[in-house]
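In order of appearance the chains are A, B, C and D, and numbering begins at 1 in each one.
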């Protein structure tokens, strides 16, 4: 690929904001230099003028579900369409979830997902493992998966009968994780209690999407979060709470962090922008069905989450990207409509991998809630450190992969299904006008998005063998 | 029975400390009067001189297990021997636990326990119901049990496969309790997680009694307590935590109470006097096996519990009386010895119904930790109010049952198996010298303990149909 | 006075609710008896039929300011008019504040106040001491005052230049109090900071009464409360926070109490019923000027205070009765009008000694926020115990003063300046309809209010030498 | 100065750890480059081989007192000796405190300190302003000082009669700070209360240094910290607590930060390494006299502070360098000995500017309490951002001053008065063996420490006009 220079931009990392040229040799950043002090530019194969632009590390979305089998269908984006949409949004690395179903081998699940992704991705990718069946075999396979670069294992306190782990399973998996240096990622909702409330709601004829939001009480997310923290303390393991939505949960994490425990959490743009009201309006609310659900704005969850990002009680914004079409999907058929008349049958998930960077820049940086450095931290740097990909990913530094986004801080855009690239027939943010836009995206030294065109090919993205977490105290 | 006068003593209630004669007509207190201002004494059938004595309401022990089937044997005290021992200790009312086993009817369980107790008791008695199997039938039977005066239902977050309820069962039972005004009593330990630790300990060859105390981590009592509070909030139900031992659990209850929630808790003398060290010394530690276990003194649980009694974050001291012999029981055979070589087989429980009042007076009042009124409150008055027996029980007031203890505040005694009346072959407090002793015990106007003799007969005690809790905010 | 019987009523104490006759011999309760079981009634000099009525201990208002010199005038009620108004409202004991002004002797202040009250009071009375000048002489006089039954000393963190004590003064006084067993009562507002805000408000032309409420920030009451608690911990002294208004302050007290510290607090009816809006409407707001001020209802202070009364984080409701007329006072001349054009010149205080019992019964018992027993506790029993007057005052028990109120639980009344008996020309609760009314008031065995008439004479009330607090842990 | 290359080292910033050459042009970092990819080295005037070394940003000590007049003497280090000692320890920037004494002009104070420092310093320096007399004039001078690059103002809640500000002064200064974007730095001890305890100790004959530590209760540091936070909230100003020592204080800061308030704090090495015991041993303890004092290790302050550094509840480690000789100072005469027989006369302060970096590396990084990046953050980067000097200072980035330390991570050293360069006759850490040592120090591109020699001259260091804080949320 030769030499590329990004010249004259403002390079932003989690710590620095500096006027510097970025020198790329092949796929790697080899120098940062004050403009004009070197002769590299002359010999460069490509010079990208970044004057007036921010030069940011490529985004990392640590929580996506491409082509996930769910309730008889599959999430609408394949690794090809989904990773390409990610690129459009300035994200250059995703961590998806390989799945071990009940009664199956975890390694088999990993290999199946490797196969699904192989040769398809526009950007680099890695996997967490959903360990849906904790047993002696699984615990042994965790060692093997570590060797394959799968260093984080997701457990569910929700979805009894599907991915649900008992507290005993969780404790065993956490003990194993503590032994081998793995991270446990947790879906923290008390699914056992929620299922009672679901059953009662259905029995009362409450079948619309809005009831999904009402029965999944925020206090039951808080409870599960507290429980996961207690179990992690017993096991001596680090803990990462995925897709946090509730102030009660954030309070629990904040208290644990004040004590210096290795407890971490992510939230997602939908919990920062949308609320329970979106789930109303009859079956239209199906667009916004995910678990945990959107919360009641009046209860203050949303501002608490934004504040948590600023105070580092929340560390990461991921998307939980898991789109399902409202109409028929060309390949996978009926999706959200599966749940007409029964909200429990609506496939859970929202599209989000593409707009993540622009949404958080808009609501965070432009709105004055997050500094530019903190934006880079929660979107790029901490995701890489949390999941063992730093400094290859997550920053612009000597030796790092040249995953870089040129950002127009004054660019504007209207979010819409009409201009997005995800393979789903609606946008959660239809009509939202945002400030701050992706202009050019470079993945490992190669320009893949520029001038409103995608310049890559499926398979550009490679699998990343991850190391252990680099955030532990 | 005619008229009895207790003259010249110091009558103590949860609020008052007054020099007054107590006038009893039959089984009922009919007057309190300044000494010498009435002619009642002349016509009395019996005059008891209480000069220099405290005149206290009879104690109420809200947590006993007489003749409880457990692990192939029965707790060593029958309703006859156990209730008589209670009387010796100044307790005039017990609430025992009727048991619904898995797959059985709750009403059947209640009737079986009524039959066991009938005609046996030295003092009045009532029942909580252990609902070991929550299902539609059980929920219906809760209504019937309320009509029978069983207004509190105990659930277990421990003992999977035996009494364990899932969080869904608990939520359902709490919702029902909220509907009908019942109290839910909770054994709060995360039994699912504990069982993993137990299994691992046994696999490591850790079979001595001390390991029972080590594996049942206090943080897992704290976790379960927090979870029970969250579920109760979802259900809108009051909650009563039984036999609390851990500072983590008390912190959770304290926080809930600060918010004005109807959350209550009891502890037991063993958790206020004994500690993890008692469980050492080889199989001798089996004497002190109960769940939750005795705690590590250095961690500060004990002083936190005493403080909680003073601040009303703990409301009641009960005993969880559930004795098993170290040697063979004359009727029930091998007991504690069942667990030689495997601590999980040791029947859980300690004897305690007899020394409760004297222990708490000694460690509380004599040691300056509790006022005399607070002593009466936690031992007599709040137990009666918590479980719907006030003002018939729990105080000395006009119209109340004449359940009265004459207390010698300067009396001393050495606790020993040699002088206790429980049908068990050891004392947990062997050799402990205490100050403040029971002198005379009156149950419903009848002197049943006096001059070192028991004057009652089996069957003096009657079943009490309880009302709903009188402590709710 | 002979023998009086109150027959057939429902006697309520902090613990009991019982149908009982109350037998009074002279000024003292000598018996409580079940109706019909004694012959006392026949020989009684007076029988009062209490059928259908509650028989309550007389109320105790531990915070009044009769005839207090303030800003060039005097509070509008003399000991004669004020104590009589108290009696009308069911209060049979008041604790007023003797004042040591800067540069004066505390004993002189005490004697001056004793003289003011002598022969005037309708009901019994006691004094706290405002120690407005802490010095070696004052510290010595604290011993002498203890001997006179003045066992509590009030300090001010507000009012620099008037009653203000520095933190050093406070610490010294607290150390002395710890030595001699006295209670320190604290006006907890950061007056130094508030005076800066006051000066700035006046400089901006903000002179209306409402600005009094705006500048005295609730956070500065919270701060001062926390500081007083810290100083009390250093000194090892108990602490009583007077007239609490702010949730921040109550949070601080709650946290201290959770740790078992001897920290107590009172609030007043005005903070439970009124809010910042009352202080608007131009100079009309002057009616509601007091310090600390009424709070913004939207901030949740009021419901937090009610909850605190229920949870015992607040222990007492007093009035801080300190009335000033809106028009000219017949004796003392211009009062509230002194502050036209400058809110700092408005005499601080509201009338309240008369409606206290009826207001709290209405908002507490009738509204379901407080049980009847808790009502008696916060209005009668704990006030007596807190300030060393129990069991002479604060309950209905053998040997207690016969200070008793017959209460009509279904009686209704409209609060108004037209039917109150305080010597002030407005009511803070004009037009408020309440349920639960005072019917008959007995002070030391003598009926002083009955049938809508006052039957006592000035001087019925006697000075009470108080003992030390009976509430310490 | 030409071009310098630091080649082959491991460059560490608050975020990155990378193998890179650092290219310096004159006084500025102009490039970071992978070794071998550029030709810069050939043309360089100087190449420094950093193989095996860490290349760190120069340390920033935001709290020093050079030549401070105190109690009749001066702190022992002049700007010349002190700043040179700082350089020896790897610190390349200090912020000292100019002093406005009571009754004087702040600008005059600033100018006096500017004059003292001018032409003396080995490294760059800036000033905070001690505003010892808040009045209208001072508030106006704050504007002028901002223009001079003095953007932080220190107030004292201790030292009544000297630097003490009342809460009113503090509030006024904070309001001004909020208006102009300044930071308020606070000495948070309740000096008014402490002075009472001091006076009482002296009256009891407790005159040894140890009593300094005993009377200055940690709870009174906690109290003052809470109060400062409350006042800052009223004013809407950011707050920076200097030299925090007490867990109570850190708890208050942690709680404020959890709520997203702009509250920050520093601690110092002495509070992380030393304790109350150091203050014993008769007058030897005078070496360790500072305010706030060293704390009782058993109370857990020290580990809480270390934990706070890890969790970012503490943001900075400074030194409060303020040395006084135990023997006679050649210029300033008697110093610590002034307080023989009266601990209040002992000049307050300890030497520390030199060993700061090595101590915290040793106790933090080598001991596993802080990551290398976090070490750089608390010692270099956050100090620069907190006080408006970033990115000129505090990092190694394009355009930053070339203030760089070559660090030997395996170097060892024994702390001693014999090898330090501070002008004081003792070391607080005498005999302590540490791992991780300063090897070469570069200030603005110039090597000032290398090969065990100082290569600079007085006056190399320049005054830094600081901007406003870059850490505000």
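Assume contacts are C-beta pairs under 8 Å (C-beta built on N, C-alpha and C of every residue); 3 or more make two chains touch, one makes a residue touch a chain.
Since the structure is predicted, the reported quantities are computational estimates derived from the model, not experimental observations.
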Practice problem: Name, by label, each chain that touches both members of the pair subunit C and subunit D. | Solution: none
Quiz prompt | Euclidean distance of C-alpha centroids - subunit A vs subunit C, Å | solution = 59
Quiz item: Which integer distance in Å separates the CA centroid of subunit A from that of subunit B?
Solution: 52
Quiz prompt | Separation of subunit B from subunit C, taking each centre as the mean of its C-alpha atoms, in whole Å | solution = 40
Practice problem: Would you please write down the residue numbers of subunit B that are in contact with two or more other chains? | Solution: none
Quiz item: Is the way these chains touch best called a line, a ring, a star, complete, or other?
Solution: ring
Quiz item: According to the definition of touch, which chains form touching pairs?
Solution: A-B, A-D, B-C, C-D
Exercise. Under the touch definition given earlier, write down the residues of subunit D that touch subunit A in their complex.
Key: 11, 13-20, 23, 25, 28, 30-34, 37-38, 40, 254, 257-260, 307, 310-313, 381, 391, 395, 397-400, 473
Quiz prompt | Sites on subunit D touched by subunit C in the complex | solution = 166-168, 170-172, 190, 192-193, 195-197, 217, 219-220, 222-223, 226-227, 230-231, 233-234
